[in-house]
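The next part holds the structures, each set out as structure tokens.
One chain, chain A, appears in both complexes that follow, with chain B as partner in the first and chain C in the second.
After this line comes the complex of A and B, so read on.
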């Protein structure tokens, strides 16, 4: 009967139904069989397929049986269609997998014990899980290639281990567009190489070892440092810039061994820049401040942390009594967590009662949340994006990859113009759709002017690349002389960062509290030295020694960003958690506890010292942060002119 | 060393013939090799610059094909087909013979810089006259060791062929851009006989080369050339040894 064979009509939900190994799901049209299988919890091994790249189906590892198809189909390149029935368990699939693996291992060296990838290698894992028991090809007949070819000071290529999945070449083609790696030669002689063997120059090389499914591309900075199963993995946020890429901090023996990417499609899209990736291990050998120190005319001595806090409070109180509250200033930094910033600005405003507080040197006369309206992922939804100057991409390199993706995969017009560009320089813009405008902090005024011009004809959303991992959080939470938490107005605007330092050098400010100042650029060192010489009281809470900490009258060690918990806010306002990955390099309590103790000594008892309790207080006071939660964006509705 | 302006003009003309500039890589590389005798790094970079590609892409294409030379080659380039038809008709004997006469391994250049030869060439499309070889853009078919000797002797006396040897790609390009799009791209037109006024060896029109009488042997006697199927001949060309006999997979297993 014809009617019996007609399948029941599919529900009209815009989805398509698929059955894999007897399990069914309804997935969006265009979903690939590999993705559908992941939804169903069925493992299909893949090599060439990569979630961020277009399918090419060259490795044949993912072949599965699809009903009514004469031959096995590559799951990574087969979109689901209505009523598709897939089997990954049939004998022919298993046999094909064995065959593919036997071929992939044909010329593969027996390197696993000396291969940096061992333990996190898809070739090892799939050979173990799906491979044949033994190869039928004699080991003496392997074709050999070059081993340990340095492609740059970061990357090493073992051409023998390469399984020719094309991921690295597609990465350079689709993700960065730099096309540095290509496949050369043909057949069994095919190898991955650069033009004329020249060294790689990309700023995103560190991603290569992560996308390579085997041990062919390895990271020279991490090579032979650890076996993956010995690493302790902690979720974190890259501490190098305000883009806020999500990372995994892999540590062992109280040392950071590497930063690995952690895919957040809204932020990093799983790519890291080399500057950020290298910043982790660079902390292993730096000089750290480890003990509290009191210093006076007679010399310096190490003290307990409670003594240091008491001395700091005492000396600050003396300064206030002698010269009044506005002779004291407080400087935070863009490296502090939101919780620390919250307490620090509160310390300045309520305990010390000074209007002089800031977290960076430049003064921002008017600052409002409208300059942070554009989100990172929203770049892909714009019709056109204008980038002012090369500073934004220099400051936050992974932005380049997002712009390239928007341009090549979403058809967004990207205009890179000089920072001072006016409407006429931008040229023709699409009449419809959103216009993104990206600038860094030094070019805020240009961006404001251009946005004003453009918004007459277009809908414009701005993105400002802030500085430091938490420069945005410091602004949102009011670590500014002219704006309170959540961009609220302040009664009396104080001095901005550089003015604070200049006033200190001139003797107008006699007491200074600095938290995390070691990161300021070397160009201000002479000024800092003058400041250090002129101040009566200098309380420094910092992780690494710098011109100020060396002259501090009270010095208290701080915890590095991966040694403590808290939240940081990236340039688009995304509030992300950081967690302690290592024990602190000092035995003293974290900065938040020190600040609450200092407040108590100054007469403001009862401030929370734990970052979770502080966060609770903070989100009550700044509703945008409550709405953002963990991982969402803090969006401020109305701009309050400060 | 920058490419000659003629070559640059050719490459520029070729670029516009394809909707995708990268489709022009092959003919552009021919133009470079016609000028320099091989593909220099600078030459490939120049092609890449004109075609608006990355140099790495150009090199990726050039290394895929065995008829582009990465090293400066000898005056005369001998490319011996070893694909199936020629192999059946005795290409291995020709390879052996050329090797013993020239005294350098396949891919090498003779000490006097006269000859470069390759035996890793796949089907030239001259199977009808197998065994065949290509010498400086001309086919020589129905080869025998004797005919090879005569050819080598003649070439030894000849200077390096000029750029115009074979067909200049630029002429093809220009002709085609002027003419209707009906004629498809065909550079570097190895099969095309040289223009009447071109310098170079006489046109090789299949078997009718008067210098070399066509072999009288009937076809059947050539198919079982001794040695053409030996294991030795496999490995000599850089392939792995012949696969061991293995039981065929049972269709029922699948």
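After this line comes the complex of A and C, so read on.
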């Protein structure tokens, strides 16, 4: 009796069934065979295919056998269809892989020992796993090309190592749209080069060495710094801007050697900008504050932390007794973690009882959570996005890539307008759908006005690009003179950042506590000199020397953002954990412990010093942060205060 | 029975007249076996260039992790080794080395071999971290100044970052009871009193 060969009826679930090497799965329509194999845990080697780019199927590495198809098919470009049976284990597939690798290695220089990619190279790995063990081609007959060709001051191209997968040229076509790399010549002489030989100018070049599957494109700033197996990898968040790109911090010998991207499709989509990528290694050369210092009219001397904390508390108490609590002000910065912000605003409001606290210089009247309603990934779901001025993309460069993706792959209309645009935009916008409005903090008022106008006819969501890695967290947790934690109302509004400094210079404020002020202090150095001369007490907790730290009566070193644990909130409200990647460069405790010790000296004992305990306290007080957890968005209901 | 005694004494007499094989080391030296695995040697090519390209495969192969290599880019006008890369720093902690020879086996350019030298006793640990200058073959007209091992190299204590005071890591300062005024005391700010640690307790979070 013949077996019944009709396949069972497919369930009507909108999915399609596939069998790969005897394992079956039901996947969404349009899924590529490579992605389906990843779901099933079957490895198909690829070079040209990239999860963020369209398939081209040029490297032929992923050829697999599909039943009822006459020839082997490229898995990276074949969508799954119902009842498809794929085999990756057949002898003809293995033989093809060996052949492809033999071709790829034909003119490869085999200089893995001096190649920066050696140890994390797909060509090495796949040749080891799938390749023939020997080449039939004599090593003396290899065709040689140029080595170490500089494409810009960041990127170097080794033309011998290139396997012509086109990933770099497609990256420029599809991801940034800048089209700076092209393929030249034909056949064995094909090579990647810059268009007309001009150096690359893109702000996203650092991604090229990461997408290159071999060691052809390498980072000149990371050249020969370390081998992959030397590096200690810590998950982190890029400390440069408020976009909150996820990174891997690779360190060796207690130095950051590189920032590598860590794909978070909701935030960075695995791309980093060069400014952020270079910020990590540049920290190795930063001058640091190392020891606590007490300074008075007679001079300065190095002291222990406990002495410094006791002296700070004593002098602040004296100021309060003599001039009252409102003669003291507290300034944080957008580089502090949420836990530090939480303790610092609590120190200001309950221990020092002053209304004057802020984290930056600009005043933010009527601040509310509705300014941050649009999420980064939601840009792709908008019908149109309006970008006010060029500041947002200058402040957070990776935003440009998200806008380009929304425009080219999702058909979102992107309108870049000058911030002070007075003409009505309503007529230019699609009638239906969500409108995104992106502005930075200097154009807040224009954005508010425009949002008010648009919201009469459209559904509008705003995104505000905050300054500093945790500018959003500082606002959420109430490091503001006019808003408490979670945008709650405050009894008495205090002075904003710049007014605090002006009042200090005028002698109205006599005691100032500054944490991490080196971020904003560079822009107001002349004012700070007057401030420093006028103040009686200046307590500074900072990582880097600056005009304030040089004048501080009590100076306590802080830990850099990758030397401590905590959470930071990006501009869309995503709360992300930072972890210590290096031991601290100072021998002093972290800021949170110093703040809790300072509070204890001021009479408020029992504050947690450990960031995990502070976080527990914080999420209890601000439920939006409890809902966000680690990696979710903190969403506040609009107009809590109204 | 007498015959047996005579036989034994004859052997004793024969051996007594032979030249002794004991060597009066260190006054007298004895050649070591050709494949003896003693202290390492970094070799040069015939033109004086270093064979080592700083690829760190020796460090990767080392089962005890006693090799530290810091690579750098060659100046094309004045190269140290052929090609783009050379070892700017090369250190072996001879106290930790087990002289297995895996480094020589892993080396793609045959730059490192284990040599005949076995007299490796010293009074100070620091002197037993061999630097590149110690290990390199001597070469005419090439000065080889002794450079002390670096803070983070093969002999370094990998538990903490080097302090700003040269030659005094925070950990050493802690254990020697040197008054490093800024470091937290046991019991201060939640640092448990029984653990001699300088690293912030924030590190205690599981990764």
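We take it that the second predicted complex is superposed on the first by the 630 of 642 C-alpha atoms of A that agree within 3 Å, B and C clash if a C-alpha of one lies under 4 Å from a C-alpha of the other, contacts with A are read in each partner's own complex, and residues count from 1 in each chain.
Heads up, the rule we're going with is that a contact is a pair of C-beta atoms (placed from the backbone, for glycine too) under 8 Å apart; a residue touches a chain by one contact, two chains touch by 3 or more.
In this text the structure is predicted, and so the values were computed from the model without any measurement.
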| item | value |
| --- | --- |
| Overlay on chain A: chain C relative to chain B, clash or fit | fit |
| Partner chain(s) touched by A:452 [first = chain B, second = chain C, both, neither] | neither |
| Touching partner for A:147 - first (chain B), second (chain C), both, neither | second |
| Touched partner set for A:51, first chain B, second chain C, both or neither | neither |
| Contacts of A:92 with chain B and chain C, given as first, second, both or neither | first |
| Vertex chain A angle, Cα centres of chain C and chain B, expressed to the nearest 10 degrees | 90 |
| Contacts of A:136 with chain B and chain C, given as first, second, both or neither | first |
| Which superposed partner A:623 touches (first chain B, second chain C, both, neither) | neither |
| Partner chain in contact with A:182 - chain B first, chain C second, else both or neither | first |
| First, second, both or neither for A:22, with chain B first and chain C second | neither |
| Broader residue contact with chain A after superposition on the shared chain, chain B or chain C | C |
| CA minimum distance (chain B, chain C), superposed complexes, angstrom | 26 |
| Overlapping contact positions on chain A, where the chain C interface meets the chain B interface | none |
| Of all residues in chain A, those that touch chain B in their complex | 91-92, 95, 136, 141, 143, 178-186, 194-196 |
| Of all residues in chain A, those that touch chain C in their complex | 111, 113-114, 118, 147-148, 223-225, 227, 229-230, 234-235, 253-254, 290-292, 302-306, 557, 559, 563-565, 579-580, 582-590, 593-594, 597, 609-612 |
| Chain A partner contacts - residues on chain B that touch it in the complex | 41, 44-45, 53-57, 59-60, 63-66, 240-241, 246, 249, 253-254 |
| Of chain C, residues touching chain A in the complex | 53-57, 59-60, 71-73, 83-85, 108-109, 152, 160-164, 170, 180-185, 188-191, 198-203, 205, 207 |
